[in-house]
Structure formats: C-alpha cells, structure tokens
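The chains carry the letters A, B, C and D, assigned in the order they are written, with residues numbered from 1 in each.
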Amino acid sequence: MSKVIRNGTIVTADRTWKADVLVQHDKIIAIGHDLHADHEIDATGCYVMPGGIDPHTHLEMPFMGTYSSDDFESGTRAALSGGTTMVIDFCLGDPGGSLLDAIKRWDNKSTRACCDYSFHMAITWWGEQVFNEMPEVIERGITSFKHFMAYKGALMVNDDEMYSSFQRCAELGGLPMVHAENGDVVAQMQAKLLAEGNNGPEGHAYSRPPEVEGEATNRAIMIADMAGVPLYVVHTSCEQSHEAIRRARQKGMRVYGEPLIQHLVLDEGEYANPDWDHAARRVMSPPFRNKQHQDSLWAGLSAGSLQVVATDHCAFTTEQKRTGVGDFTKIPNGTGGLEDRMPVLWTYGVGRGRLTMNEFVAVTSTNPAKIFGMYPKKGAIVEGADADIVVWDPEKKKTITAKNQQSAIDYNVFEGIEVKGLPKYVLSRGEIAVDNFEVKAKPGHGEFVAREARGPV
Amino acid sequence: MSKVIRNGTIVTADRTWKADVLVQHDKIIAIGHDLHADHEIDATGCYVMPGGIDPHTHLEMPFMGTYSSDDFESGTRAALSGGTTMVIDFCLGDPGGSLLDAIKRWDNKSTRACCDYSFHMAITWWGEQVFNEMPEVIERGITSFKHFMAYKGALMVNDDEMYSSFQRCAELGGLPMVHAENGDVVAQMQAKLLAEGNNGPEGHAYSRPPEVEGEATNRAIMIADMAGVPLYVVHTSCEQSHEAIRRARQKGMRVYGEPLIQHLVLDEGEYANPDWDHAARRVMSPPFRNKQHQDSLWAGLSAGSLQVVATDHCAFTTEQKRTGVGDFTKIPNGTGGLEDRMPVLWTYGVGRGRLTMNEFVAVTSTNPAKIFGMYPKKGAIVEGADADIVVWDPEKKKTITAKNQQSAIDYNVFEGIEVKGLPKYVLSRGEIAVDNFEVKAKPGHGEFVAREARGPV
Amino acid sequence: MSKVIRNGTIVTADRTWKADVLVQHDKIIAIGHDLHADHEIDATGCYVMPGGIDPHTHLEMPFMGTYSSDDFESGTRAALSGGTTMVIDFCLGDPGGSLLDAIKRWDNKSTRACCDYSFHMAITWWGEQVFNEMPEVIERGITSFKHFMAYKGALMVNDDEMYSSFQRCAELGGLPMVHAENGDVVAQMQAKLLAEGNNGPEGHAYSRPPEVEGEATNRAIMIADMAGVPLYVVHTSCEQSHEAIRRARQKGMRVYGEPLIQHLVLDEGEYANPDWDHAARRVMSPPFRNKQHQDSLWAGLSAGSLQVVATDHCAFTTEQKRTGVGDFTKIPNGTGGLEDRMPVLWTYGVGRGRLTMNEFVAVTSTNPAKIFGMYPKKGAIVEGADADIVVWDPEKKKTITAKNQQSAIDYNVFEGIEVKGLPKYVLSRGEIAVDNFEVKAKPGHGEFVAREARGPV
Amino acid sequence: MSKVIRNGTIVTADRTWKADVLVQHDKIIAIGHDLHADHEIDATGCYVMPGGIDPHTHLEMPFMGTYSSDDFESGTRAALSGGTTMVIDFCLGDPGGSLLDAIKRWDNKSTRACCDYSFHMAITWWGEQVFNEMPEVIERGITSFKHFMAYKGALMVNDDEMYSSFQRCAELGGLPMVHAENGDVVAQMQAKLLAEGNNGPEGHAYSRPPEVEGEATNRAIMIADMAGVPLYVVHTSCEQSHEAIRRARQKGMRVYGEPLIQHLVLDEGEYANPDWDHAARRVMSPPFRNKQHQDSLWAGLSAGSLQVVATDHCAFTTEQKRTGVGDFTKIPNGTGGLEDRMPVLWTYGVGRGRLTMNEFVAVTSTNPAKIFGMYPKKGAIVEGADADIVVWDPEKKKTITAKNQQSAIDYNVFEGIEVKGLPKYVLSRGEIAVDNFEVKAKPGHGEFVAREARGPV
C-alpha cells in the first residue's frame, strides 16, 4: 500500500521546502507536488522530517548486577512515540569473551524491536581473538567500536588496549568511540567519598567532576591522533571535554562530540534534592553539570563543534536504583530519555532560537546517520531512503510525565517539563507507528541496519 | 532541448551517489537512473557537482584611479572555465551617493555576463538616505551589505557608521559583511614605511600584518553581537581573524569566515621576490601570510569554523600595477583567481586529504548559496534547481599558466602550479558553457539572481 | 627621630621573614634583628608590609559637570586609613589644551595630600602641541599616559590619535594606559536604551556589556603591538578583556591588566536593587559583572596574567548621583574604595586561599611600583626605600560602614562587609599616619613622586 | 676570611641596583656602598647575581643499562664553570625498593660534589612502604616527588599510583613533579617504528610527538587538581604541554612548567643530521621540537606561565650512545647542558630582548629556590643568604666547544654557538669556584641542602 504525506513543509538538515512525500512499502519513492497514494497523511501546518536516530542506547543491558528495564520492545516503542525511528545500541561482550558471541546475544534480544536498530561493538578487553574477530564484526555492518575509559574492574580498558584497538579500527575503517572518564581517579574518589561517609546520590556527582571527563576526552583524542583514526566521544557533558574536542578539530582532526539531551537541560542541582529517589533516578555517568557547561554544549551544537544529541537511554526502575541506598556506587547508572529527546530539544533549541530547524534535524538524525555510515538510507528525506519519517506539529504541547510514558520505568527525569512541538505521525520504514499522536508501534517490525565502514577521508 | 548527464557520480555537500541528472531548459528536472534526453553528456569516471559560486568578485571595479581589468564578460568566462557558474560582485556607490544609483551602474556593467551573478551592496557612508534606501535594495534581492574597515579616506566607515548600518541590517534581515583591517593603523604604517624608504611591494605586506586584521574582525564581531545580527567576514587570511571568529561562534553567534584560495596556498614569501612585477602582481589586501596561517585556515574549513572559499577576484594588469612603482600604496590592490579556485582547492584540499569531496562542494558552492539566501536554487543538485552543474574529471591535469587563461590580465598568481581535477563540462542554467574542456561561454547569457533576506534564526 | 618596628613578620612580594625595621626620618635604614630606636612600634602578631599603592584614583576630578567629592586631603586620608600610602591620580587637561597647564592645576589641587602621590597624564586629544609637550611631562616624572577609548564627545580619542600617541610613548619610554570600552557603541546603546525608556541605573550596565570592553582592550593591544610599546589596561573587569590580555602576553607582549577591588567582589546584581540611590551609587565604568568574570579576575591575579588591584576611586555623593535621575547617562560615573581596597582584598584573597600574602603585596604595592617606575623607592621593604609601611593585624575585624569612613561621601559600596585583617600602624615616609588603628594623617605631608621612564626591555 | 664584591650592579629577580656585597665565610653579611673586606673581587662592568640553580640533573644516574657519565664531581664542576651554584638531582630507588635506601646511595654518590645540591625523590612504584617512608623523606629535606609517566616497564607509574602519591604529597606538603609523556603510546610507537625499519635516532623523535607530551601533562594536572596539590612539570618542551599548564593556571591552580635550555634553542632538525653520532647525542626525552614550540616556551617565560629553565643534564658519551646503533630505543636518553644553560639563556634571552635581566635571574635561580622550598637561603642576594654568587661579565664572549668543557663527555649539543655573557667570578658558599673565568672548583665542598615542605597556599 502506498502512502503520501501531503501539505507539509519538509525540513531536512539541508533545507526547508513545501512538498509532498510519497511512500511505497518501506521506501520514499517520490517527493514533489500533488502526489497521490492509497493512503493520505495530512501534514498541514506540520514539518516533515527524517525520523530521529538515537545512536546511544542500552536496552535490556546487563549492568551492575541487573538489567536495564527498557528492552528492545518498550525502548523502541518509547523512541517511536517521541519521533525517533532508529536506535544504535551497544553490544557488550564479556571481558575475555568473543565479540561474535556478543552479537548473537544482541540479535536475540532485539527480535521484538518496534523500529530499526543497529549495534556498536564494545571493546572491553584486548587480545588476539578480538583483533581477529573485528573484521567479521565490520562485515556484519557493525562498524563502530566503543571503549570505556571508566568502570574500572568491569568494562574499562587501559591506554595500551585502547591504542591497539584504535589502530585496528584505522586499518579496518572502523570508528572508535569512547566513554571518557578517568576510571582510576573515579574509583579512588568513590572510595574516598564512601570512607568519609558521603554515600548518597550526590556523592556520585562529586566522584565524577568535569575535569575527570575532560582529561579522558583529551587522552582519547591524542590516541586517535596517533592511530590516525577519527573519534566519536559519547555523552560530552562539559566544557572541559568540549574544549578538548574543539582543540583537536582545529588541528584538522575528525573528532565528534555527542551531548545528551539530559545534559543540555538538566543541571547538577537535581542531586541536591533531599528525596533520595529523586536524586538517585538521575544518577548517570557523566552526571549533570552546571549552567555554564550547558551554555558550552548549546554553543557547540550551533557552531558545529558538537554534532549529535543522544540519550544514553539506560532505564532503571526506582526499585533497581534502591540497590544503592547507603552506597552511591551501587546505584545503577542510567536514565531514560528516548521518548523525550526530540520534543525537549525542539522546545529548548528551536523554540528558544538556539538551533535552526535544519540544525535540529542534523543533530537528531542526519549527522548520526552520516557519522555511522548509513546515510542517506537513514537520516534523509530523499527518494530511495527508508521511509522513517516524522510529521511534526510545532504547536502541539504536552507536559512530560511518567504516567503517560511508553518506557517501562516508573519515573521520568523530565517530569513536569512542558514541551511544545510533538510528532503527530511517525513512519517506521513505511509503517505508521504513531497515528495522530497515538502510538501504534508493532513489536518485531524493526530490522537490523548494517552500516558501512569508513572509507578514507 | 533536454540534456542528461549520465554515468557520473553526483557529489553534493550532503552526499555522494551514482545517478543521472536530467535538465530541461534551465532547470534540473530529474535525478535518477537511466534517464534520457535529446542530448547526452557522458560523465563516466567523473563527479557531477553543483557549479561553483564565488561570492567575492570585483569585475570592472573602479578602484585606486583605474578599473579592474576583468569585466563581467571576461571575468565570468574565466569563472565558467574553472567550474564556477555564479559570482556575487560588490556594488560600490560613491560616499555620499545613492545606493540605487550604484545598482543602476552595476546593472549596466553586467549585461554581457556569461554566467549568473548577484550583487552585495557596499555601505561606504551613513546617513538618512542610506537608511531609507536599504529596504528597496533588499527588495531588489540584494540582501548583503559590505563594510570596509580599511581604505581610509575612501571606502572606510567608522564604528559608529558600522553599528548604525548593522542595526539597520538586523531590522531588515540583511547580512552585514566586513573587509576587516584597521584602516587608521594601516594608513599610518603605510606613511611610516614610505617615510623610511620602504616603497616596494613588500612594504604592502609589512603595512597590513595579521594583528591588524584580527583586531578589525574582533571589533566587527562585537558590533554585530550588539546589533543582534549575523556577520560575514570576507577574506579571512590569518589565525588572528579565525580565532576571533571561533571565539564568537563558541558564544553561540552566527559568524562566517571566508578564506581565499590565494591565502590557502600562496605565502608571504612571494613578496620577497626580487622581481618588482612578480611581487606587485600579488599585492592584495590582506596580503599573503605564512604557512602557520595557512594551516589554521585549512583546519577551519574542515572543522566548520570557516565556511566558504572565494577569490576576491579583482584583476589588474602588470601595466596597471606599475602605477605603484616607487610607492607601494599606489599599487592597485587585487589579484585574479576566478578560473583557478576550484581546481586549486580540489588539488590541495581533496587531493591531499584535507577536505572530503562533500566539503569541497560545501565551501565552493552550497555554503555561500545558503548564507546568501539563494539555496537550493543555486548550490544544489536537486529537482527544481537551476542547472548550474559541473562535470568534474578528477584525473585531468593541467599546469596553470597565464598563456592559456580566460582572464584579461597578463599573468597568473598560480603560474606553474599543476592541478589534478578539472571541469570537463560546465552547464550554466542548462547551457553548455564548457564542453569537453573547451570554453563555450555566451556573453549575455548570465542573469541577475535576486536573493532572499534572512528570516529569524 | 628614629623609629623601629619590632617583633613583626615582614611580608614582601618576594618573601616572608621575621625581622625588625628601622626608620630614620623618611627612609628605611636597616632591617634586622634587635634593632632599636627612639620610638618603638610593636608589631607582635602582625605582618609588616610595604604600604599600598593605588595607581588609579580621581581626586577632586572635574567630570560630568561636577567634581568628585574626595579631594587630595580626604582621599589620601581614606587611603592611609586603609593601609594605602600612595596614590597615582589622573591629570586631565582640556581637549585642545596644554598638558603642562594641566599639571599646574593638579599641582595646586594636591598641596594638602596626606600621603605621597604621583600623576598619570591623560591624552585627550592629539596635535603638535601634545607631541611637543610630552618630553617635558616625562622629565617631570610623569611617565604614563592615559587614553580614554570611551566617553565620546568628551575624553575619547580615536584609533588614529591613540596610535600616534603610543608611538610617541615608544620613543620617549612612556607607558600608555587605556580605559578600554568602545565609545561609539556605548554612546549608541545609551541613546537606544533611553529612547526605549530604560533610564534607570541598570541601563548603565546594559549599555556597557563585557564584549564592549573586551573589544577595546583587544584593539588597544594591537595598536600597542604595532607601536612596539607595552600597555597598561586600567579597570580590567571581565573575562573578555582578560582573555585579550592573556593572548597578547602569550605572543611575548608586555601587557598589564588591573582589576579593581569592586569588580573582584561586587556583582551586577547590585544594579537590580529597587532603591535608585543604591544602584546609582554603584554606577561606574565598566560596571560590575557576574560571578564568572570575578572567577576569571581572581585566577588572573594568581596566574600572573593580571598584575595590579586598584580602586578607580572617584567618589560622588548621593546628591551628585541624583543628577542622573531619569537619565542614567547623567549619573556621575564613579565609586569609592581607597579605604577598603587592602582589607577587602586581604579578606577575600588571602583569607580564602586565592592569594598568598606575597601575592597580596605584589598586586597592591610592588607590581604598581615596578610597572610605574618607582621601585624600590616605593613598594618595597629594603634599606634605602621610603618608609611607607603598614603593620597589618591579620586578626583585627571590622564591618565596613560609611558611618565610620574617612571618605567625604555619604555611603560605601562595601557597606556591611566584614573584613578580617586591618592596618594597625601605617607609616607615610616615616610619619605615623595610623597609630593603633587611629588615623593621624597630616594634610600637606604628602609629596609628589617623580617616576622613571621605561628603559628598553 | 671575608670577601667583598665591589663596583658591580646587583641584579636580582626583584630589582637592579649598584651596591657592593660583603661575604663572611659562607654567607652574605652586608649589601651596601663602600664595603671592605680581606679580599676584594672587582665587579666593574659586571652584574652580580644569585648563582644559578639547576633543579633538574641526573648525575651518575643508572639508566638504560649504564650510568650517566658526569658524576657529582664533574657535573658540579661544569655547573660552577657556567655560573650554576646548585643542582637538584633525582634520587631514584628501585621499583619495589625503599626510598630511604635510595637516599643512602645518593648520599654516597654526592660526597665529591663541588657545589651544593639537593635531591628530589622519585616515586617509581606505590605501596604501603612508600606511603610510610614519605614522611621521613620529607623530614630529611627532600620535599619534592618525581613521577615518570613514561619509560614503561621501568620507571613508569600508572594513574592510580600517581593519584595515590599525589594525595600523600597533599597531606605532607610535598610537591609532586612529573615527567609527562604517555608511556603506553610511546612504547607502541617505538615498537611500530622499529618493526617498520625506522631504527635510527630520528625514530626517537617520531616516537614521542608533542601530542604525547601534552596529553600526559594534561592528565597529571587533572590528577593534581583532584588531589588538591600543586604540580611541577619537568622539561615542558611544547605548546601542547604549555597550553595545558596555562589552562590550569587560569582555573586558579598552582602548576609550574620547566622548559629546558636545549628546547629553547635547538630544534628537531638536529635529528635529520646524517651523522648517526650527531643525532644520537641529541637523543633525550622529550626530543627537540620545532621553532613554533620554541616561540611558545619563550613567551611563557616572559608571560609568567612557565617559571624555570633547567637542563635535565644526563650526559652519556658517544660510546654509550652507540649502544643504540640499529635500535634507537637503546640509545641512552640524555644530553648535557649544565655548563651552558646560563650563558646560552643570557645570549638568546636577555641578548635578544625576550627576557629582562631580572627575569633571567628569576627563571635560572630565584623561582626554583622558591618553588622548591629554600628561598632566600638560595636564589637571593640578601643578607643572611648563602654566598652563592655569580659575577657576570655581559661583554665576555666564547664559542661553545666540547674541547674546553668541564663535562666528562666528548661532545656538546651547543657546539659552535657563540655566547656573549659569561661568569667572571663564581662563589659557592663563599668559596671562589671561578676566578677571573678560571675554574677553581673544589670537590667535596658541596653540601646537601635540606628543603622545606610547602605550607598551605
């Protein structure tokens, strides 16, 4: 069955114009005037944009002794509900284990996904087996490799391992990514804070100050430079990290930074909330920062020194969070955001004049599609592209609340924020997943997206 | 008559893909596979790109007691020959005179243009008349306003005038532009150098050091910030100026910087040439800088802190240059470049791995089209766009020499440079202007392009 | 009569040690152990430091149609009361008038000074007469020249004049100084604010944002660089200005920045006070800034990128301030501070760990003495130096209040601040001016201090 | 026997004045006019300055399978010959071994020192024993602790160890120091270069680029910040490292940077010398850099963002260097400089207008004395100070050559450089060690200098 989106204004990273969009099966097959189809979607007064891509999620992730509560079904339903039509999740193997085995586990977990998805591969150790398996990982369309510089004793790799892996990425066209925090320092600060009796959630923030993130970002950049490979820095939360990225870019390096929607609008004041639950629900790494860091991130998005807005969606229930009562280091790290990223960014970014609509599309969809090797299949409104489309009503308002959310958890870090600008229709590869603001996501509809390796710059 | 460009690889600022391009009359009407038309252009092994836009030319400009030697006919022929299908020229009125009168003069001069063109309006004085005429200038599609911070006693405006004009631009949606050098300081340095007997062409460079440019850039940015308007800095030639631009962008400001192809590849060593003619031919403002400044500019283009590569094409013959024998301040300021910008940038940028092909298109065509309000009519390969198209042969080589150039002057500042990558075919609004490397430009074919004023960010 | 300061700890910019100080007439004649004299001053538990030097005051200055209310008598009494034993005041001639005439007026005004003083010469216009008089000004020991980049239509000089004057300074060994704000922009912003009905004191702050100061600082630095002369930037109040200074110093330039004690501890919130008088009393140029700017200034003092803490003491009574009711541009610009600079800086700087005691001495006394050519006659505890000495009781507290102040005005911008650390004894060229916290200043005791011109670096 | 230095001009970090200096035994006992003593030293036309302090030497150091060839006797004789009257050597224990045992070995080695000396203690491993011994090390006057971030598998400590040690320093008032290069990356780059057949001395430079140093500096600074302790960065050789230091200082941190005289005047071109011996003799870590880095270091010294000029004197003979023929990683790292630091810095710094004479004294003597806790016993011309004095003849010239040097090695990296400005007389604690340009150093005269721990800032 063909569908046409009529009377809307198309907004891409590149431009803004009035045209209809014709969809056949799962593809966009025409863009133009007076197009017709079996089914018409009225976009009067709306913007027609590429569906959002969140390149940073952890669905049903085993972490800190539990699993994140949104799995591929509930997580992708939340995504679609907010206008995001694709996620890239982190495939985590065991230290010492096979990368290919990890892919198998992630393949199994993702069968009920409502929207398309891909994986990044985490490199949590280094050895001949990893070296040898990387080419096959890339052949299977998993072309980006995550390195944790924190979580000492668990996921963390050291500089030697990171440099080895980055060099391997350089050879194979893989894109290295880093979670940038100095794990040694974090571990000692945690121990010190606990020893001093600071065991509440605010201790989490104290143990991971901006300097600790900035240092690791700077280090990863140097290693990437030595390896001759680009670098993607996930969850860039502070000026220190952003400054390191800018400095590298001004030497001609290809370094990318990814602020999270949480860091753009929520600040460290949240951890001072006397309600343990309130504060603990906001425990994630890096923690929220102050307003000056937010200004830095917003400026980076408009200046082009930061490129992507993601969520690091890794949702734990209040129940799960309470594992850390009396010891903040045991609070599972992570918050939600998949459902809220697009409306919140639109409201605070476009609504307040910090971002143009085109920049909104760039940072939520087109840039990650390009950086991660799947453009213009994803992230574009062009003929031949996957019909992942959002029809955005810029006048529609709602107040965010956990009560009405798709996510499986019992709270929302954006609770009470009023957003203006919401997806009226969402198409996932041609299927209507949101229909006049109503979620119609279909579990199992989502497919794995194989991505291309980088060619030479 | 329809035309189709077949078997090529389309390269835009946005992406790279194999497809044919169908042209009817002056427009692109289809992009796809297996397209057919009355006339076929074979692009096998070639890249099909939006024609270049040079937003900074001075054709037949009255300056320093003479006229620049390339007029709209020879200048645009040179442009087309090098793959540039549009120029934006600076319309200069007399201080005290009417802006609308100046437009008339430029309209008259441009009747024999071979490719499309538009105008920037220079604001060389301030008063009620200027204030009152600006809206009509904008209505006529001239939406950018140039301010000279140098050329004291001639074109220069002071801070008070500049701030008044910038505020008027803010009200009307005009985009202010600046030639950024501190005119007071330059004038005194010129006088001092002459008084000390330094009257040769190298004195020109000594009188305009990078600090003098950086200062003016910084000042213009502050004034634009106070006026609440974006700013376009022409011929950004040095780190000092680039740094000021970066700093502003990191405060969230919309400031654009334009390196010239000359500054990217030629350095101050040229002025040390013992041949007076050699040095004098390279006299332009700002002068060439050293290698460190070049590195800064290249990094800015890849990092996104600089957006456009132009030429400031303002060609004077050796004869004209010789007016300045014995007094470098009388050497007409200006060099050529229209014909060479695209091949030289491709060779030094794409060929050496500093720019991707997409970035090449962005800085030579798409970015100026967007910044100056005429995208995607110009600067794009999309249906409905003007058929300004270059078919680029990446393997074709030539050695640049004045002997074979289109420009009316008797030398070329790039003389002897070997370029690899040249336009095999060039279409100007559907007309073939370069046919298998042969120039077929038609005087009078070019049309004025009215541009849109900025809306709110 | 000889005096000895016994049992104290000497603190200089250079070091800290226990020793007695022997004074004969107006000079320090010995430093050592077990010194004896006719009169003993007990410094047990106290620090013995060089008397403060405030290089930025305006006593009995004609400005904005009135005179600042502290004259050389009350102003220097206030200075001594707070541990400052010397001021450098700005000698202002009329535009078009003789520099030497201005000196005469300042000589007349300063006859009743209680402590030593010197003058900076303001260059408020440029011409042959100024050029010709400058050597005699320097011969008379006035070796620093102030340039106002703001106060358009009154004191302001333009870039051309400033560059001429800076070059003359370079020839003569004079040190140029600037009040750095873009006067053109300020004037228009003032007019605009008034036109919009913003006529209250907060309008003053809006009309002079940090960018306007940063720009002018940057410009003055460039001009000094071209002239080949060091530069002293008075009342550096913001990061923008500080950044420009740092950048210059990292090119090897000799540029000095002078934060005021007001800007270090008071912020822009003062202007939001609903009491017109409260806000108007704090009107000075540049206005107070926010906390981030304060952090920048403090860091600069400890890092060495800023060198001096001054007051710009220019005191107007509430009555005088009220001239500006209904038009903030008529509020006389200026506040007090002479009496409070040392205790407030000690409290917020040394007391809070931001400055060492040695750095405190450096920025309040030794650095200005060196920069302005009178070290170690002033600013030092060495044999042969003038006996300008403070015996500082680090445990003594008081709450600042206008009620008890020496200044002639009826309020104090530091009202209510508790300081810890006060001068118990102050010697002015050997005379006891503060005796066990009691002021004994003698009008007419102060002498003019002739200063040396710079030699080559 | 008393001595007096007459008719000279005293130059200290603080000021310049004409006076005589009277010495009794090992101390300065008076400074003034017309002083007399048993022995007169004529300083007519000369500058009388505090003797140089080189805080970075490795005398008779076991390293890379051999011992550096200058021991405490020849090394300190070389030092005195060039105007340096004190060295601080690095006391290196074995990983796993006792700090106190290491001190014993260094005590034994230093018995024949000709001038005074002190030790820094290297922390080459971490454990309870180190933690427990540190207080005694400090009590013995060794108050600074060196950490190697490079030399993997030998001296290198990781972040965890470094953070532990820095925290211990914070508790005890010790000053942490770092050799800042990323050892993991260097080790892999060495292996890679060797594997590719790059085994010559130039490979040494390729394996340790500026980015690798900048990264480690940045990391050490962050760790010091977290530990709440100042930091001293040895051999700061490049802009990357300097930039990290500046950035930290602008956050209010106390971070010090130490360029070496070699890096200030010699550049990477030396490694391109086709003579293996020539290049290998210049192998040290970090390697020489290019001219831009030199400009950065010089600017830092005048701006105050860098504080000390040292040598890292660690002299190996050509014979020893040849161990690395065919494998640059086996070339013993180190060069000489003790004899040449002062004349070369004077010539290139004071002679060329980059440094004032006072700054020369600051960076060669006073600043290290202050930073390392022994001021004004050392580094000062004040009554009571040790009589470590240089009488400097600013007109005396020589051409540096290994033939005439005191150092035990057979070459000199400054060979052929003409210096202007040399020590005519040198006093080491009152003993004449250089007499009218003739070296009279007495082995065994030198004494250990116990230094103070930091108090609170």
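Basically, a residue touches a chain if its C-beta (ideal position, glycine included) is under 8 Å from a C-beta of that chain, and two chains touch if they have at least 3 such contacts.
What you see is a predicted model; the values in this text were computed from it and never measured.
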Length of the shortest touching-chain route, chain A through to chain C: 2
Common touching chains of chain C and chain B: none
Chain of greatest Cα-centre distance to chain A: C
Intercentroid distance (Cα basis), chain D paired with chain B, Å: 53
Separation of chain C from chain D, taking each centre as the mean of its C-alpha atoms, in whole Å: 39
Whole-Å gap between the CA centroids of chain A and chain D: 49
Where chain B touches two or more other chains at once, by residue number: none
Touching pairs among all chains present in the structure: A-B, A-D, B-C, C-D
Complex contacts: residues of chain B adjacent to chain A: 13-15, 17, 31-32, 246, 249-252, 254, 295-296, 298-300, 302-305, 353-354, 356, 370, 375-376, 380, 383, 456-457
Complex interface listing, chain B residues touching chain C: 158-160, 163-164, 167, 182, 184-185, 187-189, 209, 211-212, 214-215, 218-219, 222-223, 225-226, 243, 247
